[in-house]
Every structure is written in structure tokens, then in C-alpha cells.
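Working notes, structure below.
Should a chain be cited, it is by its letter among A, B, C, D, E and F, assigned in written order, with residues numbered from 1 in that chain.
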């Protein structure tokens, strides 16, 4: 399916210029290959070095907290895939600069420049304080499990506002654990293969209308904590599963420490990760 | 699956006489072959010519608006597959005769003659004014997108009444776009293959009890606007998908005309189709 | 409350011309007094004689099934209070002319003439096949209890369409039993005093925005089958109750005929009233 | 999948001692093989003869109604798979001893001995008075269809209490019809293959946390009356289906006896089975 | 209101014979006066002495666990107000005899003798493990807070079965704290005045149809943990409130022992009351 | 009611020290009188002058964005009533300092000092982009109508995190329009009288357990856009209404500019207020 769809029949690419922030990060690197087929120019941005550029890429180094730089970054852009910012628990001041001030800068500039759509990397940590014995649909109440998760709630609210106010569309991807392979038993549930991640971005970018949508980014794993039924208009159908990795993490008898919050809540170790003090 | 089920083990067919209205139309013609295995006699009816009859078929030409004719039409019938009437936007007076007066005549006669079940061709246009960013279950509020859709709401209400009042069962099939192939990007979502259409009718006809049921008629397409979970007692599992047709309609960048109602609502161009003036 | 609100502070009346259909009927007569304070001109219409006119009234006799007459009727009108049509079970052909064709004529003409709002007399018989042991909110599924109720479902669907398509607002009043006093034990539950009826129309007419709203028209009776919580934006707070009439209809021991549908369903005797044959 | 998962990579078995009650019954016998891989010792118990024991098995004959015997039975146990008690309609006094007093004894002893989890064989007969035209999620209201079903409601309430009060986890398996093959048309819907039953028990036993969970035990049959979406955290994905058995039970025309409760309700013949008088 | 309604206009009392069990208990004594107006004969029953009988009363001493005695007790009865059994936490064997075996005897006999309706004293302890920060409607999931509460869940399931199976109607009254006055701060929320209790029984007995209904028995207290909206068809409108008693239990600062279950859950001290060992 | 409750029977005040932020603002000034009865010491804080202090008051001037100052501010405090920060639309950088950084400082310090509860002034502008034709319960999805509203969404998420992580309780008051009197027609719906505001704070402060609660702060106005049923455990029952002010804002005929967002959405003029540029 991905072959068929990632190369549209016509040689004209659907987007003129896409912006990819966080392009130097783990997921950013996964996406860069796919983007070649989707846009004439891909503007890749990060605060870290971006490596060698492909012919269709243009690099812009920008700090999201720098309003002027972000306004320049958004110029001439059709749509944004926003993976930038901090994606783990961190001291609040750092989160505030990149994930709050930085996100405001991004939306403010996007609206100013007439950008039509943002794909926003939200996180399952926006709802990680729900218990592992529940299955969340995309309308489940927010339950952030760390300050990082709180900033993702901010982002979902801010993007909702820009949609209601200006019609600027956003798809919030509540990405689970997107790595080569699950690293522990919990990630058997939250695993999102790279291939499925790319397909999820493709769906978010190419669905005709998305409004302000929320969707969980997980592969078709056996155990499910989330339910994307109400986001089915995005057409995301994961092709991978963590099933092949299950033997690496054989389950044991029920845990004697029943109250351990890292086992009780979907956020796992994140629920104890914050608030973090600044590194001195 | 369809082979196995469309030919019951015994050579005795489950129905003595089935009535198929709208038998000369596109979907009527698709069904006629399958009906041979289900009933000893299939009474086919339309106001248009019905073509050559198969040995098990008997033809009755009847105008649904003619009460006496419809009462004769229903005599001796076990169950009805009602595809008749107008299935596109039309002037109100025409819709009123075929889809309102005609439908009343059909139910009145069915009740009079002790018919046990009607399969009623409703339409996704009964709910077409829901946005394309929503996923409707079978209890979603009615949002007709044209006068034709309003008459389908009438039909769902009328059939509900005949069930509550007389126990006459109906399955309302909210049929999407049932053609050889999708004809545009929207139909990638609403596509119902002929094979899946026939299977849907089979489920509606042969499920032991259906009460008054509503079910969406769509194939297993990648993008979904509807969710049949609450109608799962009908056992309809589509086997086809529009996936193979996706390359014919490659998506573009987000549409600059955000307010275009034909793009915002599930009904597509139908939302602007009515009300239609009579042809002079 | 009603005094205070029915006479706006300023001497300028809020509406230039209101149309009241069904003005010769029971509820129409109740309203005519109140309308004097709300509009400079009240166009009263019916197929029955309208009695003596007040100075602010103008009379138009029109058959709703007559399209041209209805178009003339709507000319120059700001808003419509539509009590016209048949409000009891009747032969289908009669219902079809007045409640289906007539209603289409009304909306078609209202849209043509730029009318902004219709107050539509729907009925609790649109949902009368719900059991008396349930409490319906304004989103309860339709369960018409007679053909008359089916036509009210049609009206709710048609008015929804005109709102979604043209922005023509409607408030559907699901009126219970509006008489001088309840006439039997069931009406203790469905009773709507005349004073509360007038207040309900006032709320429907004067709430700034109503979209397409549904609201139950019942007084603050002790036993409730309906719940207007989701229609609270209309501000309807009944002031009367059937409590004072309860001693007239003392309850007995539980009914030995448990299956009697006129006792099991909210619609009461209506559930057996139809379908009615035409009077010869 | 089952091979891979039923033999954890390491040779250390996850449980030290599992208790299987009802081990001499139909489903008990199916499970005994699988349990060898999950626990060092499997204590099998019944009031009927248990047959030849495997090397890892230890047999305890105990009457569930005998409190002291049950307390002894639970000693040294990590987790319980409770298939014991009566699983068909029976005189109330018999049900009371085995399914009510017996179940209390089991939970009382389990709590006393620090058992962490019980897999409890509940039944679809706890909800069998829902109509066959509905699809139940795991939060559907209780509608027992016989006294046996009432005792299963008791068990679900008792186990909920032990979880809320003591943190003793339970998975209530609402088992459908688990036999070699469906025995009639209704069982095409309620069929649970032995392989899927074993997988369901495996999921219930090995999911890290289950709290107090309810899940339907049915294979992936074409027609569905139940929906396990909200129990997806258990990871149960049936691999079998009754589809291959459908030709054995070809459907007929709609049943003329519309009111037959054994056809109207999910419980089928159970709805008329009780209350049963004691055999004299 | 109660005066007006408790004495029907006619001198003929609506019931021929009412049975009141638990007539010697606190609430039973409150009711006996009111019942005089409702029935020609009131059969009062208990295992404790019943005091002096009024002219319209007949006394039957019966142990609910004695099947034959209970069958005799129900003979000639129109309707039952069942306050009998144990209404506090107790050893399981005692609860089993009175609240489980005894209740089965009652329903079995009621069905046998054609009784039409039972008013069943359930309890808020059937849902007492819900947190004090939630508001429960009548469809909230069962969360018994003690073994006594578990037996009330049994009673609600058993009575549901008798309704679905035989049409024997029941109103389950989830009675809060019905005393002269609240005895502690928690009872400010759960308080049910005697006057409101009697009115609640009146509504349950005289509403024309009740099916199988659940309703919370609380007065119109300021703080609410329960919501009877969906039971509004019973017409219960409490007239009293605990407001006047609030000064007796002034609130303090938030409790430092946040985890104290007797403060966290609606059941209060009951959540730690069980399971109770038998008194030796 | 307020008299009775605002002066607990005993002369010992329930709180040792309450902190009131934003004490110099409009609502802060309203509260200061009531707080005298609730705490031995009231620490009042603002960045504006605090006026003359009452004997039980101690003043601390602090900028919420100053972490050290806020940590000092929270020392020795039992509970906080947080009205501080910006409560109108403002440039993002200003909102970020006071409502985001400032709020984090407040919660971080509160948790550090063992504060048990925060009463947080959220706003109906967190949900102001819902249409005026809907009625929101306390679980309605967030729809901020301006950047100020977005910061309130942040605050609700942050406080939820502190509750889930540390058990620090918060009541989020979504305050409507709390002034002497409504100032326009929209405020007839959103009006919260000062007396009701004080009662709302009292309920939030003195309810035994609140967890993380959300409640709308509106008086008992005739028209309702919000529904506090699910927050009824807080015991807030407004005593005032905007009814007496209705004649000052007589409604007119339906607005011809149907698309005007300030009329369509609950947020009124706020929906067009942002984003605001900084004042130069």
C-alpha cells in the first residue's frame, strides 16, 4: 500500500514546499526519505546539525523560541510537519521555551503566512495518567503524566484555537513509542513502527479535510490501550505489530507491588519522571 | 463465503416469493442473479422495462404511487427488497409521489398482506450534512443533505412505525456509492462494491431477527466516515475495498477553498443539489 | 416573568411582521393575544374562519397544499409560528397534503422570501413509541406512534435540511397536551398549560440564535418523561404544573393488563390510532 | 501466535502454582494441557473424578460449599482459574450452594491467602435478556436470563468488591458456547473455539494488570452480539470463527412466531429454562 | 402534596392487600401509618415483634429463609414493600439466608401468586465504592462497598430477571441514610427524611408502569452524589433537605489523610466494614 | 444559607492560613470579607496595591513569574484561592509570564510546601468556541476562544497533573461574567453574582474531597449554556439570577448577520479578540 500511495501517479508532487521541524531527530530522519515524493521542496529544520541534504531539501537552522526566526522559517510553506521541540520530560523552563513559546511562534507564523495545515507531534503522554486497564478513544479526557505531557495538552488546545479562529487545520498525532523495536514490555503496547509512523503522517497530510483531529500513533499491536475509531476519517491502518517482539518480553505472574504507578498507568515510567529540576 | 451461503445446503429455497422493486435499475440488475438461490419465485417490479425474465422470475409493472397496484403487487409475498423510487435529487413533487406516497403504499400493503420483512434502500444522504471529519455510527442524528435525503428520513421513520406498531421488520440500508468503481475521490470513501452490496442484502434478508435496523452500505475502504459496530448483529463483513482505485484519484495539497460545502460534508455535491425545480 | 418579558421596555416591537398559521385552532387562539406585543403586524392564517381581527392583525386564508398561495402568504414575513396542518391521526392522504406537501411549501416559500426563523409545532407523537418507563432527552431516537407522528418526523428532518443548507433557523416544539386542564391520567405527564405554551413560543422566537433546535413542550409536572437539559439555551422554564389536577385522576393498583400498548408507551391511545382509513 | 506465547522463552515458568477448579469439566479438560507451560505446579480440583494426573499436576477434591475445604484448597496458590460450580440452569438451592456460597468461600480464601488474581468463568447468560438485535459492550447493563445467570451477576459483583476492597484482581470471562463445534444456529453467534478459549485464559492470566475486567468469550464469528473494544487492554484476538459451520445451519425465511422469546433474546432457550424446580 | 395524594378522592382504597416486610424495623414503622390510606388490608411481617396492630393490619411472623412460610406470606397479596432482611454489614452466612435465599423465596412466591409489583429496599451500598467526587445516575456501574452491598446487587439482578421473564415489576430503592436527622457529615449528603421516604414509596407504588426501575432515595440535599434524572418517570420530588442540619457538622480544612478510604468513597465507613466474621 | 454556613458554629476557624492571589482585583476584593470567617490568617497577594488590610490579613506583593517570590508566598499556607494572573485577552508574552510560568511557579511551590488544595480561577473562555446553541457539561471538550482561554486550558491540564501525581487537589472554576450586573445581552447568560461567586468559592474550599474538579461559575440565569450536574458533589446552588436584568437588554428579531462569530459562539466578542499584538 505504501508504495502505491507514496508515489502519486502523476509526476507533479502535491505540495510545493513542506516544512519539517525536528528534522535531525530520530523520527525526523525516518520521514525525510518519504517526503521527497510529496513535495517539490522540503525545508528541513532543527537546532541540531541536519546532515547531508538531498537535492529537494533546503535546510534552515532555527530556534523555535526565536519569534523572528520562526516567522522566516514559515515563509512560503504549504504545510508543516512539526516534530520539533522537546519530546521527553525536562525542566519546565526548557519545555516552556521550546514547546510553549516555540509552538505559539510556529502557529502565529503559520497563520500569518497562510499555511493550511500542521501535523503536530503530540504524545500519548498527554493522556498517560489513565490506567492500563482502560481503552481511550480520541475524546478521552486529558491526563498528562509529566510536564512534557502538560505542554502537549497546551499544544492541542492552541492548535484547536487556531483551527476554530482561522481555519488552520491540525492533526495531533499522539505518538507512542516509535523506535526500531520495542525496548520493554510496555512498548509492546505503545509501539509504532517506522513504516506505520510514515503512513500516519501521510494520512494526516493527504486526507482532504481534517479539521482539528486527534489520532493515536500506534501499530496494530495485540494489546490496545487506545481506539482510533472516531479518527477513522484519516484512513490510518497500521500494517505492523509488536507481536513478533513479544517473546523478548515474556510476562510473569501478577506483580506483587500492586500500587506501583509505573505499572498502573499508561504513561509507565514517565508518571514519576517529573517535575524535573534544571541541570546545574 | 458468498458461494457457500448463497446456496443453502438443501435444495429447498428459504423463501417462497420475494419481491424486488426497482428491479430495472442499476442495483436491481445486480441482485437478480443472486435472488435465484434464495426464493422459488422472484417477483420483479419497476416502472421501466424489466428485460428478459429468468425462469424463476415473474414481472409486475407498477407505479408505486398507485395504491391499488401496490396492494396487488404485495400479494403472496414473503419479503420485499425495496430499491424502487427515485434515488437522486429531484423536484419535490416527484419525490413525494414515489418516495413518500409510494413508500406508504408499500408498507400499507405489506402490512395488509402479512409480509414479514422489508429491506429498504435508504441512503447515506439521510446523514450527508455531517462533516467529513466525523465518523457516524448507526445512531447518528439525521442530517439529510437534499430533499431526496429528507424522503429517506421519512422512510426510516415510517418503517420504524410499522415495526413498533405491527412487528413488520425493516433493515434500512444506507447505501453509499455502488458502482463498478469509484468515480471520484469522494467515492473512495463511500464505495460499495456490487459483491458487497449483494452480501449486505443477503445479511439483511437472512439474519434471524432484525427488528428495525439501520446499517451503512460501504465496502471495507481505507478511509471511513461510518461505523457499523452497533449493527454487527447483521453479520455484514465487506470483502472489497476501494484501495485498488486510490491511484486513480491522487490527493493534492489541502484545498484553499476551505468553506466549499461540497468538500466539507459527507454528502459531497449533493449538499448543493437541491431543492430542485421541476423540469418544464 | 411573562409580563416583564412580553412587553419589551421600548415601545418599538421587535418584529415587523409575524406569520401565525393554524391561527383558528385551539393553540392559535391562545397565542394571538401575546403576539400583539411582539410584532407590528401579525398575519394570521388558517383554512377555517379566523374570527374578528385585532387592529394589528391581517388575515390570509390559505391552503398549505397550494404552493402559490403559500408563497404569497410568506411574503414580507420576518418569522413564522407554524401551528397549521393536521394535529391528530388522520388518513395518510390528508396528512400528506397538509403536513408533508404543505410543510415543504412553507419552507420553500420561507427560504425564497428570506424568512429567518420558523417555530414549528412538532409533537411528542414523534417519539411516542418510547416506553413510559424512559425519560427522553432532545436527542432521543425518533419513535413515531402514528402516521401523524411520522409526518412530524418528516418536518423535523425537512427543517434540519433547510437550516444546514440555507441557515434558516427552526425550533421544533414537541408539544404535549396543551388544554385548559389535563383530561386523563396520562395528560398529567404531558400537560402544557396555555401560559407555559406562550412562554415556550416566546423563548423560541426571542432567543438570539437557535440553529435547529428541538424542545419538549411540557409544564413542570411531577412525573416527567422528557428532559430539556440540552435545550436549556432556549431559556424555557415552565411555571405551571399538573400537580393541582392530580386528585382528579387518582392512581389505582398496577394494571393487570400489562401488555396494553396504550399504557406501555408514552403516546398512549395514539399508538393504536393509526393507520386510519379515509372517511368515505 | 499461541505456540510462541504459550512457551515463554525462558524455561522458568511464570507461576509457581495455579489452581484450576472445575478441572474435570469440559473446559477444564481443554485447559489442563496448556497450563503445563505456565506453572510449575497445577492444582486441579473438582467434585468429579479428575482422571490421570500429569507430572506437574496435583489433585484436590473439594466441595466449593465447604468453607474449610476451600480454604485449604487455596493455600500456596498464586492465581486461580475458576471454572467450578454449576454452569447450566438448576434449582436455586443447588446454585446457591455452588455458585454463591461456593464463590464466597473461594474469594474469602483467596484473599486470606494473598492470591493475586482470579480468572472467573462468568457467562453470556448474565446478559442474555438483551435482544438479538443489539450489540453489547462490556459495560452493558446486566440482564440475566435464568437463575444461573443471576448467580453469575452475583459473582461479578462479589469479585468487583474484592478488587475495590483488597486489590484482588479478577477477569470475568463471559463465555459463550465453547464446544467442538456449534450445535445450532444460535451457537454460530456465541461459538468460542477451544483454541480461542485457551488464548482468552492466557490473556487474562498474563496481562500485566487487569483490575476488575469483563470480557466476552466468543470467537471471531461473522454475526456479533458483543463488542470487546473496551477490554482491548487484555489483548484477546480470537483466531477462529464459526464461518465454516454456517452451512450446517442454513437460515430460513423470517420466523412467523415473532414473539418467541427463545428467538428474540441472546440467551436463546435459557430464557425459558428457569426457574427450575428441584428434581425429586 | 402528600396529604392530597395519600388520600385518593374516592373512599375506595387502591390496593386490596399490601404486604410490608421488615415492618418492625425503623423504616417499616414509619410506613405503617401511610399504608392505611392505600390498602384495605396491610399484612405486616417481620421476625421481630410487630407491636400493636391497627384495625387494617394483619400480622404474619415469617422467616424469609423459610420457603413454605414465605409462600404462605405472599398469598392474596397485590403488591409488596420489601424492607425485610439484613440492612447492615453482617457475616456472609447470615446475609445469605436473609438477603439471598430469603429474596429468592420472596420473588418465587410473588410470581407464583401473581403479585404485580415489588418495592425493593436496595441500598446506596450497592454503589458505595464510587468516589465522593462523582455523581451517579441510575445506570452507574455496580460498585458494592461491603458484602451487604453485594447482596443488594444480587437483589437488583434477581428482580430484573423476574421482570424480564414474568413481567413482575420492581422498583429498587437505593435508600441512603433515613433517620430522624443526619448523624454525621457524610449523612448530610445521603440523608433521606422520613417524609421523603414515604413519598418515594408512594411514587414507586402508584406510578402506572415502572418496569424494572432503579431510583436513589435521598432528600433534596445541597451536596449530591446521585442524579435521578433517568428515573423521573417515577415522579419522586423530595421536599426536605439536610440544609438545616449543616451547622451541626461544620466542615474543616481538607483532610491530611488523603488516602483514607472512608473519606474517599461514597460508602463511607461501610467500605471497611466487611467482610465480617460470624459472632462466636 | 450563606450566613449559616460562612460562620461555622465553633469559633475556631477551619483554616489556619489561606492565600488569596489577585486580591486587588475585582473578584479578589469581593472575597476578602468572606475569608475572615474561614481562616485565622488570610495572606493577600497581588502585583497591584492591596489597600488597607483587615486585622486577619497579611499582604505579600509578588510577581507570579518570579519563582523565588512565589515559593516564599506559599510557605505556611493551607490552601490557595488563585485569582491572580491576567484575566482578559493580552499579548502572548504577557500571558505566558503570568498565566503559564506564573501558574507553574504556584503549583511547584504549593506542592513543595504541602498545600492541600487550590481553587483555580479558570474561565468559560476555555470552552468559548462552542456554539450558543449547545449546553456544555463539565466534561465538554476544550474549545478556547482566545489565547487567554488557551492559557486556562494549560492551567486545567497542569492542575490535573499535580493532582494525579501528588494528590494536590484543585477546583477549576470556569467563571462567567462576575460583575455588579450584566453589561449586555450575552452576560444575561454568563452572569455570576458576587454572592454566588463567594458561595462557589466556599463550596470549592469546604467540600470534604474534590479531587480535580471542574465547575461552571454562573448564577441561576434563565438561559443556560452550561450544566453543572456532574459537579453536584460540590454542592454549589446559585441563589441569584439575571432575570431581573433582562428588561435592560430586550431581544430583537433574529440577527440578519447569521455568520457573525461574536453571536454564534459562547465566547462572544472574545472569539475575535486575539491573538493580540503587544502594545508598543
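The rule is short, and it goes like this: contacts are C-beta pairs under 8 Å (C-beta built on N, C-alpha and C of every residue); 3 or more make two chains touch, one makes a residue touch a chain.
This one's a predicted model, so the numbers in the text were calculated from it and none came from an experiment.
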- Message: Considering only chains that satisfy the touch condition with subunit E, which of them also satisfy it with subunit F?
- Response: C
- Message: Test of understanding: which option in A-B, B-C or A-F shares over half of the contact pairs of E-F, residue numbers taken as the match?
- Response: A-B
- Query: Do subunit A and subunit F face each other with the same patch, meaning over half of the contact numbers show up on both, or with different patches?
  - Reply: same
- Message: So the centre of each chain is just the mean of its C-alpha atoms; given that, what is the distance between subunit A and subunit E in Å?
- Response: 53
- Query: Taking each chain's centre as the mean position of its Cα atoms, how many Å separate subunit B from subunit D?
  - Reply: 41
- In whole angstrom, what separates the CA-based centres of subunit D and subunit E? 33
- Would you give the residues of subunit F that are in contact with at least 2 other chains, written as numbers and ranges? 229
- Kindly provide every pair of chains that touch. A-B, A-D, A-F, B-C, B-D, C-E, C-F, D-E, E-F
- Counting only contacts in the complex, subunit F reaches subunit A at residues 92, 96, 100-101, 104, 108, 129, 139, 141-147, 149-150, 153-154, 156-158, 160-161, 164-165, 271, 274-275
- Message: Under the definition above, what is the set of subunit D residues touching subunit A in their complex?
- Response: 1, 4-5, 8-10, 14-16, 78-79, 116-117, 167, 169, 206-211, 213, 229-235, 237
- Name, in rising order, each residue of subunit A that touches subunit D in their complex. 131-135, 185, 222-225, 227, 229, 243, 246-248, 250-256, 258, 263-264
